[in-house]
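You will see subunit A twice below: alongside subunit B first, and alongside subunit C after that.
What follows is the complex of A and B.
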């Protein structure tokens, strides 16, 4: 199966590119481009010389892989086993499934029809072995190839040896040996091949690959297991406006499903399907896997009011959109019933109610600038850092942002004597400082001024942290400004 | 609703505060602190010292006005080894909700709430709920209330705290030394109210009720401290 360009550009040369060692190279090309001789790994500038009006876009291999992973599970509509095969294909084990679709040819036609609806152009082949199907799908003459177990050898004989899933070095070696097609390779005595490639890996061993194609060596398909889906649905007879009363039952339903598989929910998604066709979604998350129905219901506290029900809705679903395996911990048998909650649940509730940004662990960062020395990480999914003692005295509270104050001080660089802050005059009785903090030149704009911090105490005993930004003659502005940045205990 | 009995009988831990002693950690119930001025951080320092060092985090919830007017806690200057869970909330009602949720979790060492002014949400019922929940879970909760009137409340202890001129710096006469605070306990359920001068040692992290005033300016009033019961 090939990933080619969008249907929009099916008739003009179009390539997807990726970064190579010396500029962009072709990652994939559509049929008109391939007809012009554009191959994978060719340099884009060369291809532009070949065809000046070539269209090119950067490829997205990771996105393709994600899409392919989803497609593999979707393809299980035809048979129960499927797996990703390389970066541009997948393999289905249709043993015993084809008669349900009316035979192999009808099944291939159904596959092509359904895949072309999704905008994909495909090449399909059915063969008794994985290797033969791989070769026929990529190197066969037609888009649909059906091969019986009797004529594997005959159908594969004219195909090039690159249809054997071998690596580049082995292909080069076979070409130098003059073995161009599978038929020629199969004609070589088996003993010679075994002697030449006795220690080679599977990818570099033509004999083993040949055995896989003919079925002499088994190659079972091990498909990934689909993540279980935890969904509870409540269909209502009449449209209603408020989902609150249905939430506990839905939650218990989801939790029973999670419990049966030994999983716990990390993200929950509540959807209401309105009578006018709109769908409204509410999301919430937990910091550790949970399948406690009461706890999950509480995470929606205060959010349901914001859900716009319109003229009512008649279908409510609750899904654990992200779930993780979760062990079962046996509580003590003689433990008294209590409504004590674990810390992770407290984080869930606070975050569900106030948002990710509001509930945080303050975290020390490597910086001398006081407001930058403290970062915040969301409490959900993170652990607190141990608090390290600051090497210098820092205030107990910081104002964000620092507030400008009017200061009387001994010019040009003397300590402050009096300051006015929030229309109150504070006479400074004692002071300590300055502690000079230079701007971080690698991070801030040029022209940022240095700061001289003073720890001051006013005549009533309140202790503040003031700083003067800049010096009078530093050439980065006029007179320095003063700011109040924090309060000491 | 029947009136709950005294949650903590006045044992040695909550005995009357005496001069020259260290202030014991607070019992697990609701306490209120009223800073003398809203920009005074001494009340925050006092509250942090009173939280028992159990090892669990401290939940610190602030409403919007407290955050803007009095600043945020600065990690480097807190002087506590406990992790802080910081909740930046908007309304005082949110703070009360977060405090109540925090009090359901006995893994916390303590809960600190900062509420600005006299919001309608903070009535006697709300404080009663906080106090009873704190006593049930064994987690102390401190409310720091700024620019407000200390009216009806179920707080078991109410303090008024102001900064005082600090002690003499041993090396630099110009610099502020160890912080000193004026602590006024004006309502308590089990202690004798009074007024004390406390000095805080940053290095050992101990709060000691002064029996000697180093600068001598208040030596005359030394007798009256601890005796001037108000409430």
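What follows is the complex of A and C.
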């Protein structure tokens, strides 16, 4: 696993913050900050008062969670079962796997070495039960703790009760009752604890937690299942220069695997492994999950020339690097199931040929200025907007930029009587307006003038959208100019 | 540190200004919202009145949203500029319909206030109403609409309005007009024609209004910011919540006549409505509660009796001649101004606090009331006229023709008992507490404006810190540069400019929200008159000298018609009083 993210400061006090009730609170602090007294959940302003040149950045809990999930899957190199444990740790069930690494201590050393390569500092503990391992990892004295089944009680006795994964209220209660360590808690007669906490849930029940720690209550680890991989490999007897002929077979293979699982591919990755040891990669994407072999092959049209085969390659793989569950739809009774909509296929092919940024959907934006009322988003990742009702009448076509026209009108604010556009004179028979649109003052320069829009119909029936920019006496320029902004039909 | 702590001064037209009355204008603006429509209107009364006067209006209406909070201020300022204020209110019902309501006379005004009080006291189901909310239904309006002139406001969707209009016309016989405004929407002519036809079908007429939110087009940015603050969004994301143009400013009668050139009857209708409104805020007068005087007794006589009894108690060795003369003089003045019941009311509360409750609540009068010998012998204050020279004219002056200010301090912990006694004695319907209105001060204005304009919290905090004190003067550019911000950034400059205009409203306080305090920091808040509970339990504040709202027709405005008003203000003690055997002696020393 490669090191991801940049290193953050280690020598100056630095905290991560999140939103609290009355402002930002500290989410986590590095070692120098902790030495200065920064505590979790303290208000940032208070901490800044303690240390004026504290650096703070917002925390990213979601990003942390995603990274932890990836870490959990990666940790399956040591054992088959791993799961996320809380928000900053994970648990592995290494029963029967430690002998591969030469014993538990060696395995822990290997884990720490590999995790520190990725930039994480970690505290590890091995114990016969999950509860005991949790407690020892967070509250034990050393960074590596190894605990056997016969000395669980002795090792855990001096640890505080917060090592039992209890919630805040229960911990407060236990503190008030004077039970500060696990040993003290274990010394209380079981019957008394049962009387007090019989109905509490797991996080509030010290008795159940004690049982989990000693192993009297089972706590199996169930880790998340990995997403299935869809990979087709084709080994060639002799090095070749052109992968085109092998693509259909590979594609069918991948689609068969996708079909078996009921998934569809969103991103495809074609890799060719050259004889000189280099790898060349080609990526393509679809707008909706697909397992149509022919369609997937066509996505690579025109891109295969960009691959540089060198002296030839002898291994080519096609993988669906991102796949999504995809159901089977059957819109008609007498036909086999249609799996692809034509539009999404078209989108895929256009995007593959012209690039992601070239194919866009329009999306409505809330703005009174007509040319800003629409934005564009890339077609591949997003859905089009449902057709929304514009608040006012808007022309079908907007000219960009608006074209200047010469207009005959009654100063200062009269409607247009006649205008000249592209060297043609249009006499105006009817008009509607004016619709006054003032500039968006927070975005534009202060000298921007307002616009008075008129829908006009000339005597041959054509309708145009004209505007006059400014008023004669608004002090932002001389006489106002007229522009044609759009046409109706 | 500055030498003088910055003080809050209210913005107002200068006293004795020489404004000549304007000629009768053909049009009166009736759809005006001042800054007391919280976070909707963006101009205060001073600006509105000045603009109206310079544009040639002779009368100006006011219609704040579901409140009468702004009428007093407008009344005061309009009187200074010799404009006639036409008092009204904009009623927004729970089902989305809106009306302008203009009372014709004092009775109708009382009905309107009752309606608003009902809306603010109880919600639709009759439960205790949330703070700041006002729920009015069409039935409420129909039952309180006698004497009101109602003008229906159409809203954006005319189809819905037309469909429901027949029912409205049936339920509200006082509805005579439909408001029409020319706001440069693009389809204005068609829309106004449609409204005109609808009105004619029902035998009514359209009425021209510009639905004013601010006094000049330059205020549009501030109004946009207020909208964003109200909707809790930023400018970049506000979208269609903001107005498309800046046409909702106060326009001159000539401009309105030009816009409504095809509908002159709409202009005439405004004049008709304004002329039919004969109600003047000065008609509100105090009626003192009768419970303070025993049956059948004349208040002045009873006061005299209590005075001499109290004097005998204060001077067991005989009342000194000087004091006797002072007392006679004061009693004569009280009789002349007919404010005996006022003293009796306060005396009653003092008696409750000292004698009817055990242990007695410490209380003491302060301020200019200390200049009165009558107050001393009644036990209200503790400054002995025999030992000190009292300046009675500071307390009551014949010129003012209104009851003086008497501030009484009660023990902080137990003032609730006093409040409850008043409620119990006079009824919740006839007693009320002062409401204060929170305003934007320089710092809060900067923070809010900065947040809306998308500045991060760090920057707005840095900017706000450059202002010293709560009422510090404006942001100065060198301080900003010292704080490390680039003053040449146009966005930053815009923010500072806007914060300044929001803050300038704070000086003639720009209300941000309503909060009910029995009192608040006295120097810095304004107390408009507004209904809180019932018509009449207008709150007003008998503040001290410089904190009093000058020119506020205090008692009269705040007085009640039907229900009697009980003007009092209670102020929490800042520090605990030391217990002494003689509370009066302690007070004298402290």
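We adopt the following convention: the second predicted complex is superposed on the first by the 269 of 489 C-alpha atoms of A that agree within 3 Å, B and C clash if a C-alpha of one lies under 4 Å from a C-alpha of the other, contacts with A are read in each partner's own complex, and residues count from 1 in each chain.
Just so it is clear, a residue touches a chain if its C-beta (ideal position, glycine included) is under 8 Å from a C-beta of that chain, and two chains touch if they have at least 3 such contacts.
The shown structure was predicted, so the numbers you read here are calculated from the model rather than taken from an experiment.
Chemist: First (subunit B), second (subunit C), both or neither: which does A:432 touch?
Modeler: Both: A:432 reaches subunit B and subunit C.
Chemist: With the two structures laid over each other on chain A, which partner does A:486 touch: subunit B (first), subunit C (second), both, or neither?
Modeler: first
Chemist: Quick check for you: in the superposed arrangement, does A:345 touch first (subunit B), second (subunit C), both or neither?
Modeler: First partner only, subunit B.
Chemist: Once the structures are superposed on A, label A:354 by its partner contacts, choosing first (subunit B), second (subunit C), both or neither.
Modeler: So A:354 only meets subunit B here.
Chemist: In the overlay, answer first, second, both or neither for which of subunit B and subunit C A:393 touches.
Modeler: In the superposition, A:393 touches subunit B and subunit C alike.
Chemist: Using the superposition on chain A described above, determine whether A:379 touches subunit B (first), subunit C (second), both, or neither.
Modeler: first
Chemist: When both complexes are superposed, which of subunit B and subunit C contacts more residues belonging to subunit A?
Modeler: B
Chemist: First (subunit B), second (subunit C), both or neither: which does A:450 touch?
Modeler: second
Chemist: Which subunit A residues lie in the overlap of the subunit B contact set and the subunit C contact set?
Modeler: Common interface on subunit A, subunit B vs subunit C: 393, 432, 455.
Chemist: Residues of subunit C touching subunit A in their complex?
Modeler: 184-187, 189-190, 220-221, 224, 235-236, 238-240, 242, 244-247, 453, 490, 494
Chemist: Which positions of subunit B touch subunit A when the two form their complex?
Modeler: Residues 37, 39-42, 44-46, 48, 56-57, 59, 67, 70-89, 94, 97-98, 101-102, 104-108, 137, 162-166, 169, 172, 174-176, 179-180, 200, 202.
Chemist: Quick check on the complex: what are the subunit A residues that touch subunit C?
Modeler: 365-368, 391-393, 432-438, 441-442, 445, 450, 452-453, 455
Chemist: Inside the complex, what are the residues of subunit A that reach subunit B?
Modeler: Contacts found on subunit A: 339-343, 345-347, 349-350, 353-354, 357-364, 370, 373-374, 376, 379, 384-387, 389-390, 393-400, 421-422, 429-432, 455-457, 459-463, 486-489.
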